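Presented below are the structures under discussion, each in the form of structure tokens.
In the two complexes that follow, chain A is the common piece, with chain B as its partner first and chain C second.
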Partner chain A sequence: MEFGTPLVEMKNISIAFGGVQAVDDVSVDLYPGEVVGLLGHNGAGKSTLIKILSGAYKADSGEICINGTSVTINSPRDARTNNIETIYQTLALADNLDAASNLFLGREITNSFGLVNDDAMEAETREIMARLNPNFKKFASPVSALSGGQRQSVAIARAVYFNAKILIMDEPTAALGVHETQMVAELIEELKRQGIGIFLISHDIQDVFKLCDRVSVMKNGQLVGTENVADVTEDDVLGMIILGKQPEKAA
Partner chain B sequence: MSQTDTSNAGTSGPLTTQRKGLAALELDMRLIGMIAALLVIWIAFAAFTDGRFLTPRNIFNLTIQTVSVAIMATGMVFVIVTRHIDLSVGSVLGVCSAAMAMLQTQYLPEIFGLGSPFIWIFTVIAGVIVGTAIGAFHGWMIGYLTIPAFIVTLGGLLVWRNVAWHMTDGQTVGPLDPTFAIFGGINGTLGETWSWIVGAVLTAGALIMLVQSRRTKAAHGFPVKPRWAEISLGAIFTVSILGFILIINSYQIPGPRLARQFAARGEVMPEGLEMGYGIPISALLLIVIAIVMTVIARRTRLGRYIFATGGNPDAAELSGIDTRMLTVKVFAIMGALCAISAVVASARLTNHTNDIGTLDELRVIAAAVIGGTALSGGLGTIYGAILGALIMQSLQSGMAMVGVDAPYQNIIVGAVLVLAVWVDIIYRRRAGL
Partner chain C sequence: MPDTTKKQKLRFLPTGSALHRLSALLTLLLLIGVFAFTSPAFLSVNNGLTVLLQTSVIGLLAIGMTMVIITGGIDLSVGSVLALSGVIAGLLIKAGLPVAPAMVMGVVTGGVCGLMNGLIITKMRITPFVATLGMMMIARGIALQLTGAAPISRLGEAFGWLGNGALFRLVEMQDNGFPRVIFPGIPYPAILLVIMAILGAYLLQRRQIGRHIFSVGSNEEAARLSGVNVDRTNIWAYTASGALAGLAGMVLMSRLVTVQPNEGVMYELDAIAASVIGGASLMGGVGSISGSMIGAFIIGVLRNGLNMAGTSAFIQQIIIGIVVIGAVYIDQIRNRK
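Right, the complex of A and B next:
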């Protein structure tokens, strides 16, 4: 799987909140068309690590390279400029706005007068939602009136719509039903074929094994190890998560 | 699955099948509630005053009394929507008024000569700059230094009121420039003909927007309201706008005053001439501000970001919105509107007084809140705030007309504010907002 320059390299990333070392000298990388799973128990530092990539936090130390060149990501805007899109665990939706306004938040379609064009945005939203979640019909309601899964669909749509090269998915299917989860799995396969690199955070090991090429396991802010999914068993990975130890390498 | 909903964000509740009857109009129920409350207040006071409350004269007065608070209330909507508060608006109004009064009575006449038409223009521009700068400064302390808005503007309440006192040595400054005074109300009205023209333009604008919005929706294949509902809406707009003009126009300029106006122009008043005042320029100003603020709220990125930030500040920031700068802009707009209100309020008195705008912060906040702006952020409308200001002013003027003593007026206004918010909370809970 690993050849050429990685799409993303996060090298020796550390960040502390007050006394808590949330991420401690972690290095991960991601190749085009690859899905890397991030695993670890609650509070392991997975969300914090990817929030550094998405510009929500600034690392205390470490380096981020995109396509081999070092970049500074100081804000979500910087991340977007580098074609990084994120589905946050908290979804990060403005509850009082409708689906289209959320999807285009910060990147509104405007008309020739510079005024936001709600109808055009709604049309685009209807189009992408028809692909992601055909049952979705609540285009006029504020997203506070949506179910957890519907909200998640909106967040996914937002990340996919803008032609990301690097996609971060923090537990994207946590609130989804079986069918919708299946659709997200298919979406991930499709995005992979398009050469998009995906960081996928999930607690569902079976999902991870189905969708990911490699897994990186974190524990207490540190990286336990990164393994090719093909080379390990689910039990090996469980061991890494729980014990924080790398599996014995088969000779 | 039920029929798809139409796309009127903010007003629609859960999905229903095809909307029937009144529901097809898709009116904002909260708006209807406010209009109903206003009508109840008006009819009640009319009954208690033998109809005097609803004479063209009183409606004219009510209009010019509402303008100053209503202008600021539109800005307060943005402030409260972004989860802040501004306690300093009355004092900022005072300091802008003081600055403008000093400029037009003491400094500018020396430069341009007494009575020069440049005086009022420079005065207004300078006043708006002062107000915007003060507001931006507040916003900077709130956004960048992260001092709570409550504290910054509480400080501002004390500081600016007394800066105004310092600028004028505590004196009443006046009389103000005669051209400046046309913004005050009775001294500056459009006359009947121009009022009708304004009414026609507004009506045409409203109708064109209805048609346009229906067309683009249909072009995108979105569901639209039934035709009869759309036509009824247009009719309601037309009747309200032209009805208002008709009422205002039927307030006649008293004979002697009219004669004086003719005399001032060196003409003789034709026998038996009757003329209405027409729309006050201050009311026209409010209409323009209402339109501009509504466009900002609904159709600009700035407005979208204001509401997004109010709904979920973290989400706004993660979407790349600079929420600190946004805070500066919101408070700068508030400051500019305080300055415009200062023009209206001081022009109405034709003087700057020490206590101008005192307690306006409470009226303005009350107007915004009665108008449906949620203190928890993210919700509020410009027209709601203006209606809120009108409801407050109607109560106050009505009670004064009935002869309720000022202290009792305040007791009732305070109680109504709390009651209105309680009703709003119940409504929102029921509507699932």
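Right, the complex of A and C next:
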């Protein structure tokens, strides 16, 4: 299914922190309407790699292309200009602010006098939350008062609201219950249909097999390999994660 | 939940913070009641205006301090910056500059000190406590060095206008040739405080910069990942705090009609106390200008009332210390449940 120009190409990305080579010459790509899982142990470099795409870190070397054009991403703001939205594992919410303020943080709706328009932001938030999580009612509370699932829906709403073309999800279901995990899975299907490309970071192999089209495995900062989910078994992928070995191709 | 929390426009604040402000306001009213009972002169128009005047300097400092505290930082330099701003304005007047532009330069001096604080904190990655502690010594040192630790006096009558003037002052000439003050007027420092407090609250609640200040103090990493320019937000807050310290310096020196390089020692602690009594959290992300103004007036009324009751300055220190700890303790209890 890999035709045409990839939505995202990360080519030969490397980054080191102090003496530690966190990401070492890794290349991954992502096509529209595709979910690519990034698997690996803790500290394998998945999150670091993805933070380079979302603008939280700057790569020491390598190139990022969006729709075939090389782009520079120096800050989360740059990433957003390229329609890249990220849902962080830590959710990156400002605990003392309410859902609407968090959703629009850094991109507040202002009126012609430059005043923050709380009413408009809350109305928009209510609208998107009605779609994502109809049970969500706590619009006036600071997000510190919300449950894990509710916080997750705020983080997801923030990513989805601004018409992302590329979505990065870092452990999106880690803190969720069964019902909420199902909600995220349905959301991912829906976003795929809209042609959005999704990087899904996880260490739950079953999750990845259920949700992803391809899977890229990292170990010790290096890319072990990228496989179509349909062509490999869970054991193959486990082997890649633990041993860092490419599965032997049948035929 | 009390109804007051629902009426708050600042919905992103924890619902308890309105409660805290309400309790602070009640404390203030209680204090006024107690002092009015113990000293009949306390509840007079004249004394009310004196309290306004006395509180205006701490109030101005507390506005800037609140913004800085909401970002999760602290500004220990405001007392020294206040003195340095006064010294610069005084020296400029001595050098022949008219009073108004000299005072503007005084405020600018404060802003520059604040900007330096902001740059040191964000670019050199030095914690606010250490950075502003350094600036506290540097600014005080410059103020003392420039003046040789001597006060600058004979600055002209115009220099005293801001600190001593009043709006709607009614003076009647009596038959015996002596003036009689019918209404002492609203002191300019008090008017200035109200204007700056409204401006500060407006910036904090209705502008993007205010929202960003709250987000930085709430979760700096989240703010950065959300595209908030964290460095710029911090620099903005410290610059505002410095400029307000400069303005407070103009008010204080003008009231004395003399520039004292030794003025303002420990004022930063009063400003911090005012913010904290008013519900600001030193952890960041929580606070309000209105709360800090109530806090500043609690300190002002306490000082004034205890003075009128003849309490010694040392006992006053002890009482204010207890009030600060008590205010934070109440806040802690509230947050725990």
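The rule we apply is simple: the second predicted complex is superposed on the first by the 251 of 251 C-alpha atoms of A that agree within 3 Å, B and C clash if a C-alpha of one lies under 4 Å from a C-alpha of the other, contacts with A are read in each partner's own complex, and residues count from 1 in each chain.
The definition used in the following text is that a contact is a pair of C-beta atoms (placed from the backbone, for glycine too) under 8 Å apart; a residue touches a chain by one contact, two chains touch by 3 or more.
Quantities reported herein were computed from a predicted structural model and do not represent experimental measurements.
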- Query: Overlaying the two complexes on chain A, which is it for chain B and chain C: clash or fit?
  - Reply: clash
- Query: After superposition on the shared chain, which partner residues are touched by A:92: those of chain B (first), chain C (second), both, or neither?
  - Reply: both
- Query: Once the shared chain is lined up, is A:123 touching chain B (first), chain C (second), both, or neither of them?
  - Reply: first
- Is A:138 contacted by the first partner chain B, the second partner chain C, both or neither? first
- Query: Which residues of chain A are in contact with chain B in one complex and with chain C in the other?
  - Reply: 54, 56, 75-77, 80, 86, 88, 90-98, 101-102, 105-106, 108, 110, 114-116, 118, 140-142, 144
- Complex contacts: residues of chain C adjacent to chain A: 9, 11-15, 205-208, 210-212, 214-215, 217-219, 221-229, 285-286
- Message: With touch defined as at the start, can you tell me which chain A residues reach chain B in the complex?
- Response: 54, 56, 75-77, 80, 86, 88, 90-98, 101-102, 105-106, 108, 110, 114-116, 118-120, 122-123, 135, 137-142, 144-145
- Considering the complex alone, what residue numbers of chain A touch chain C? 54, 56, 75-77, 80, 86, 88, 90-98, 100-102, 105-108, 110, 114-116, 118, 140-142, 144, 158
- Query: Residues of chain B touching chain A in their complex?
  - Reply: 1-2, 4-10, 12-15, 216-217, 219-222, 295, 299-301, 304-305, 307-312, 314-321, 378-379, 432-433
